[in-house]
Structures are given as C-alpha cells and as structure tokens.
Amino acid sequence: MKRIGVFVCHCGTNIAGTVDVKAVAEAMKHEPGVVFSTDYQYMCSQAGQEMIKAAVKEHRLDGIVVCSCSPRMHEATFRKTAAAAGLNSYMVEIANIREQCSWVHKEMPIGTEKAIILAKAAVAKVSLNAPLTPGESPVTKRALVIGGGIAGIQTALDIADAGFPVDIVETKPTIGGKMAQLDKTFPTLDCAACILTPKMVDVAQNEKIRIFSYSEVTDVKGFVGNFDVTIKRKARYVNETLCTGCGACTEKCPMKKVPNEFNLGMDNRHAVYIPFAQAVPKVATIDPNHCLMLKSGKCGLCSKVCGAGAIDYKAKDEFLEERYGAIVVATGFNPISMEKFDEFAYAQSKDVITSLELERLMNAAGPTGGTLLRPSDHQHPHTIVFVQCVGSRCEACAEKGKEYCSKICCMYTAKHAMLIRDKYPDTDVYVFYIDVRTPGKNFDEFYRRAVEEYGVHYIKGMVGKVTPENGVLKVQGSDLIDNRQLHIDADLVVLAAAIEPDKSARPLATMLTASMDTNDFFTEAHPKLRPVESPTAGVFLSGTCQGPKDIPETVSQAGAAASKVIGLLCKDKLLGNPCVAHSDEMMCNGCSTCEKVCPYGAITYEDKEFRMPDRTTKVRRVAKVNEAVCQGCGACTVACMSGAMDLKGFMNKQIMAEVDAICK
Amino acid sequence: MSQKNDRAKEQILKMSGVNPLKCMRCGKCSGTCPSYDEMEYHPHQFVYMVETGEIDKLMQSPSIYKCLSCFACVDRCPRGVEPAKLVEAVRLTVIRQKGMNHMTADSIPALLDDDLPQQAIVSAMRKYSK
Amino acid sequence: MKVSYFPGCTLRTKAKELDFYARKCLEKLDVEPIEPDNWQCCGGVFVSAKDEIASKLSSVRALKSAKEAGMPLVTVCSACHNVIKQTNYCMQNDADFANKVNLYMAQDGGEFTPYNGETEVLHFLELLRDKVGFDKVKAAVVKPLTGRKIAAYYGCLLLRPNKVMAFDNPENPTIMEDFIRALGAEPVVYAMRNECCGGYVVTDDPESSAKKSAAVTENAMNAGADTVMTACPLCKYNLSKNGGAPVVYFTELMAEAFGLKEEQHVTEE
C-alpha cells in the first residue's frame, strides 16, 4: 500500500469560492492509502511547495495528489517539487478542481461534491503510479529552414550567427520571396530591395548556411533532434557551381515570350533566365516547359554561348538525404485568386490589378521601369481606385474569400496611395475601406499622412461593380457616411486581395505531422505563450505560414523561432516524455493496427525470436514503439485489439481505477 | 423601441431568415445595388434599420417597391446577410395588410402592350399585391 | 434521352419562338421532351419569404411529377428555372417548409408519397453542357454563325442566388459563351452581362427598368456586340425596348446554326 499525501489548494477564492476546500481535505483522509491530507491558500507558492516537501519527509509519502488548477498550468511545478523532495516526479497526480470544477459551478455543495469525486479519482490513480524515467536522445546540431523569404532568411541568419549550420530549402530559383517583389515598405518607405538584398548576400556568404534553391522537401522522418529529410533538387539544367550568372545565355535564348512570374506575368522572360538582378544564388535556370532544346532537341544556343560550360541538358532531379535537429517552416503566403470576384472585372480588364501587381508596376526594376503606366495602353492613369478587403473578412461558410483579416492591406494601400500622390500629384486617388486598421508603431500616423498631407480620398464604403467601357473603368460604390452611391470613371483599379498560405504548406504539414487550422495556417503550440513553436516537437514557425503579418512582425517572429531553435541545438541530449506507449510483446499479435493509427510514425514492426515453453524458438512479428517519436497520444492503446499496447503513466488499469473511483 | 415595432421586427426576421447582426457595415450591398438612385432607404439601411427597429419608416417608404429582387446584394455580401430578403419581408408585411395592395388587377390593362410577357404581370402581382 | 420539359406560360404566348426552337433543336440532338401533365404557372417570381407556401405549390407539383417519371426537369425560361430551382432547394433544405407543403399536397387525395427535392432541375443550357455536351451541339451545327459577335446576357435569374442556382461562376460565367462558340460565333464578354434588366419593375416604374436595360445593351454594344442573346422573355422585352441592340433567344440562334430556322417558322395562332 502506498503512502499518499493530498494537498488541496484554495487558489485564493478561485477554488475556495465555490468549493469547500477543508471538506475536500477532510474527506480524502478516509481514502485508502491516504496518510496525510491538508489545504492551503496557494499551493504553487514557495510556502505551499515547502509544505509538500516537509510532508513527504515527515509522513514518508510515496505518492502525491494536488487538487488545484489544470495540469497544463502547474503539473510541471509540482513534479519539480516532488523531485526536490526525493520522489520520482511521476508520482504526482493533479486533480483539476478549478477549470473543471469551481469555475463551472455556482453552488458550493455541488462544487464540493464534484471536487471530492475528482480528488478520489486522482488518489485511485496515484495508487497505481510507477516511477518513470525519461529516455535520452542525441541532438543533430543542424537546422533546416523551409522557405527562403524574409522569414526564412532572418531565421537562418540568426541560427547561423549562433554557430549552428543551417540549410535553406526554397522552391523558386532564388531566395528573397515576396519581399523581393515589393517596391517600398511601410511605414518608413525604405526601398524593399535596399534592405533585403544585403541580407540575401549575407546568406550567400555565410559559411554556416547552405542554400538549396529550386528544391523541395519531399519526405520527413524521425523526430525532434533527429529529423531525416529528403530534399528534391529539381533539375535546373545549369550547373550551379560552374555558372557565373553572367547572363549571356538569357540574351541568346530565342524563347523570349515566357510570362515572367517575378513580374506576375506583366512582361516576359526567356526560357533560360535569372529571376532578377540581385537573385541569390545568381545562377541561370532553364524552364523545361519552354526550352526548345529540352522540348524538341533543336537549339542549344545557350550551351554554345556559355563560357563556363555550365549548361547541362541531361541534368536530372536529384535527391539529398540530410539529418537535422530542428525544422523551421517559413513557407509564406500568396494573394488569393480573383477568379470569384469578377464584379471587380479583374478577368475582363488589364487595368484592374492586384496590389502585388501594383508593387511591380511601381518598382524601378519592374516591367515599366518604375513609371506608373496602366497595363492596357501604357498611359498614365489619372484616376485610381483602391478597393480594400477583397476576399478578406468573409463569412466563414462563404463560397469565396477568407474569414480572417489579411492584416497588411490597410497599410500597403495607404503606402501605394501616398506614393502615387507624391510622384504624380495630378492623379486622383480613392480608397474604399470598411475599416482602416493600423495597430502598429507609427502606422496610424502614416495613414493620416496619406489623408492629410497627400490628399488621398478615403471613402467609407465598398465597391459593388466595376464596368470596363470604352477604355474607362466605371466604378460603382457606396459612400456610407454621405449616404450616396458613387460613380467614378477610373483609369486603374487596384484590388487588395486577401492573402492565403502557400499551397505547399498543407502537404508539408502532413509530412511534419504539424497541425494546421481550417485556413491552412500552421497552428502554434500555444497562441499566446508558445507562438513560434508547432505542437510537434522540433518544428518551429516563422512568418506568414502561421498567420498574416507584415515585415516587422515577420522579422521579430523569425528571430524568436531562431532563438527557440538555438535553445534546442545547444543541448547535447534531449529528455523525452516518459509517458509513451509500450507494447507487451508476449501479447502482441502483429496485426499492424497500431502502426496504421499512429499519427507520428512511432510504431514499427520487427521479427523477433521468442523462446517457447517447449524450448524451441519461434519468430513472431511484434510492434516496437520508438519512444523518442511517440507523443503519448494513446491512439494505439485504444486501437490495439489484443490489449498489448499500453500508455505509460496512463495505463488502462489506472484509467479504470479512476473511473471506478468516480462511479463508486 | 415600441412593442409594435418589436413584433414587426421579429416577424420580419422570421419571414426573411436574415440575421442583421452578421452585417459588418461594409456597404457592398449599396455599392452594388442597381436601384440605389430610385430608393429612399438603401440596402444597407434596410439591414441597419430592421436591426434598430425602425420598421415603420421602411414600411412607409416607396423604396420597398423599387427593389428588383436581382439578388446582387445577396450574392456579393461578404457576410451572407442577404439584404434583398429583408426588403421583400418588409414589402410583404405591408401588402399583406387589408387594402394595402400596391398594384391591383384593375391597373393591368393599361400596362399591356403587344409584347409584354405574361411573366411580367404574374411577377408584378406577386411582388405588389397579396 | 428523355427529359421532363417545363415550358411555362410565357413560352405558350409571347415567347413561342423560345419554346418552338428549343423543341426543334432537341429533336436534332435526340432528346425527347415530355411535358408534365397539367403543369401550372411557376409563379413568375420566387418569393423568398419562408412563410409563403401557396405560391410555390405549382413548382413542387411539377417537380414531383418529374420525380415520378424518373427524369430530370428541364426548363427553358430563366424565370421558371429560378423559381423551380429555388423551390426545390427549399424542399431539400427547409424541413419545416417541406413538411407543410407535403401535408398540403396530401389533401389532393389518392395515394400520396412525400416529395423532398429529389428531382434534378436543369436549365436547357445546363442540359446542353452537362448531359448532351457542347461538342455534340457543335457537331450538329450546319450553318455556323461565323463572324457574328454575340453578347450573352445572363441577367440575374440564372445565376443568383449562387448558393442555390449553382449554375456557373456568378461573376464570371462561361456557359453561354461556350455555347456561342459551339455555334461558330464569337462571344463578346462585357461586365453588365450579369446585371439586372429591371425585371418586373417595368410594370411599376418603367423609367427605372429602362435605365437598367439601356446600361446593359450599351455596355454590350460598346464591347463590340452585334446581337444580344438571352434565355428570358422578360429580359428580352426590357432589353429590346432600350438601347437598340437586336435581342434574340438562345434557342433561336441554335436553330439558325442547326439549319432549322429557314425551314420552319413559328406559326401564329
């Protein structure tokens, strides 16, 4: 029989307000195995913990029940207390009499009765607790960053700065991401390229960082500290080490009419191309969908002009296998398709554009050399209408659009409007808005400047229809403050399209067993207290893959994710969670059910020799749990038909004892 | 809000199945409405005024006969509020009262020309009389 | 293929050509239209109020008869289509409404089986796109409308509410344009093709509907159209009176391309 101590916490009036804590402590004294029971105002305080330690010594306790708040809150605290008193820390059970009891009941008698029942269950469970020791696993001191935008770049630089090697995997031929496409950045109006490209060069020059551009992660195995990752290096038909980025090949390439992704299809590139002048790595890539040589075997001009002999038409996709201690997801965002919002005539007129397209039209390295010309006829637009919230803030069950606020649109629209008024004062600029949301340092001041100093017309209302007619965009919208319908003949309409996570995020989340929300944003381990960690150990989140955010926020989060990675890589060994599944090999029938239900891939099967009672040996197929991968979810224990699988710390007999105690 | 208005509001919400609290006041309904100029109260005001209980004003306004039931406001509303259904509910509340038909069979002959399709007359009777 | 075919009142009177050419073309496409017995007017316009039941009964009867015949119900007129499809949606999704309607219809006498929205409702264009196939339509063309620039006018009834109608992308539909291409003509895309013509308001405020219609036809003509195509008699009436563009039913254009127009004309009664 165990010697159990019960400690009932008042939590000020949080618990004591609706639970008679003294009655609970008194009732526990009569439970089998309980040799000591008491109550205290704040059990988690230092005095409370000292009280527990003293009781362990005085009453030679070998099991502790704390009746307090949720185990999420203070289980770790009381485990440390137990360890300090010389007990195994897994000999502690928490009865949650706050969140699941005092906070949900109003009447003292009911609250007290329920608290007693919960405490009895915990006592029944702790009677069966066995000491557990966490296993150890080594840490591979290398990190993988998936995505090479500003989030991935900043995370990689910070990790490398702490002395750990980092690999960046980027699907595009260059790193830089969306920020490389932007013109100026709010609220300071620095040129995006001027602040981003030095960082891209830093990445390229950092000895600790390897860039796998034009590459994808295709498989992830393993667990925190030791992820085995397969990286597909897509054939770029140009040898990266030989190419000097001179650009001779692109000049000679006869296929000149390939829509240029970097300029969002508003101009053309060659079949062999370098996305932009400051690309990193600055090497050419051949687009196999348009290259004559690759499609028909007839051309080969680029190979002839390449002084470095870097062109290789026979290149094949290559697969790398690498091991990492930590993985950072930085897969970023894209504007949503405007296909379902054609009341704004995006598909009908070239002069209806998205804000990202406007960035390219205003960028000195863009298709118009930075002069704002409307796409249809290359004339200066004199009246420009901006429409906010296109596809953002829609009803949850809407067939189109997103429920969330995309967060960045109010500010970049103010920026666009301001820049246009500054450069072309003869232009009338209208912004239709639902709300102007500017919570950020110097953000509202920036928006007010657009209105007060630059004369941008902000209209509280929404555009309902855009009708292209005779070269004019007839914009019909509401002005709610003036209670009238406005009709504006515009030359250019700019849509603030909602943003959504990159399409690669969903399959990646599956590979990583990292959870996502219904919008395909990665879920954080705790929305407030662990914002850059995924609930899957060793997987961290950086940038817009976790939710819409602007550049300052992205960079802060990127640094935070890096510090979490560094904290992990600094360790030589990791302590695992000992509450993991365990299979009784003698009972296992080798059916594979557990392997199929395990969401973490922690269960494998092996053929093992068993000595039979008649002294012969027999080979049987049995389940084996990788304790470092197992997260202790318990799915396998439920699925196991032979009852071989059990979860340490939550064994079937412990759960049943709890149920019995409650039902008694 | 008077008790009478309370009842009228409840009736209109029930008939239309609309929850005006879903409205985020973006004004897209009134930005899209083709009959805006003909209306005294506009689609977004129907939503707001039903919510605040100003049903009498809406019932007395010719606006209720100007809606085309084209459903552009319904389809383009980002929050699924369906303003056109509120306009219809207010109109029905009026014409279902005794002697409140907006159009009667007597006025039909004057409308007829060689081409006017039957569909127009049937629809008009549905929309303007009980 | 046999389909249940709901012509509607207007196709028996002022819009005979819409119906006449529809039947001619179906013959060529090996589709046999079967009219439900004793069908009644659909009601002309759908009343969205949940407590309005009587005006929807005739639609339910047509739907129920198609269900019993085991065929999809095909409509030609946009208005009939909108009313019947919306009524069917209510029968599927509004249990309270469906219950009341079924109780009411049970009073008709005889053996009664309840109807709960089982019938598939197809507009004629959907029949062509989804069951016949535009490729088959194209193959039946003998006099392609080459060189014609035709502006498809959808109006509101075919597209909205999209949740119910599920006809096409309501803001950027393509079904009529694909149909026009199948006939050998060039479709003209213009923004006002899914805006309202003014509809029944022509009876109460003709100025208002004239304004709406003129905006549509002007936009179509400015986009380079020589003809406006529609599926709705009321749209045709409104548009024809305002803006001066020739407005033609889609079935008439199809008959022309099928080489059926010269041979046969609508007989005046």
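First chain written, first letter: the chains are A, B and C, and each begins at residue 1.
By our rule, a residue touches a chain if its C-beta (ideal position, glycine included) is under 8 Å from a C-beta of that chain, and two chains touch if they have at least 3 such contacts.
Not measured: the values here are computed from a predicted model.
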item: Chain centroid nearest the full-protein CA centroid; value: A
item: Longest centre-to-centre distance from chain C, chain (CA-based); value: A
item: Higher-contact pair (C-beta pairs counted), B-C versus A-B; value: B-C
item: Where chain A and chain B are represented by their mean Cα positions, the distance between them in whole Å; value: 46
item: Inter-centroid spacing, chain C versus chain B (mean Cα positions, whole Å); value: 25
item: Set of chain B residues in contact with two or more other chains; value: 72
item: Multi-partner residues of chain A (at least 2 other chains); value: 343, 465
item: For chain C, residues that touch 2 or more chains besides their own; value: 162, 195
item: Residues of chain B touching chain C in the complex; value: 14-17, 34-35, 38, 65-66, 68-72, 74-75, 82, 84-85, 88-89, 92, 102-103, 111, 115-128
item: In the complex, chain A residues that touch chain C; value: 339-343, 345, 347-348, 399, 465-470
item: Contacting residues of chain A [partner chain B, same complex]; value: 343, 389, 393-395, 397-398, 401, 432, 434, 460-465, 476-480, 483, 485
item: Complex interface listing, chain C residues touching chain A; value: 162-163, 169, 171-172, 189-192, 195, 218-219, 222-223
item: Interfacial residue positions of chain C with respect to chain B in the complex; value: 8-10, 13-15, 41, 43-45, 47-52, 55, 77, 79, 156, 159-162, 170, 195-196, 198-205, 208, 212, 215, 233-234, 236-237, 240
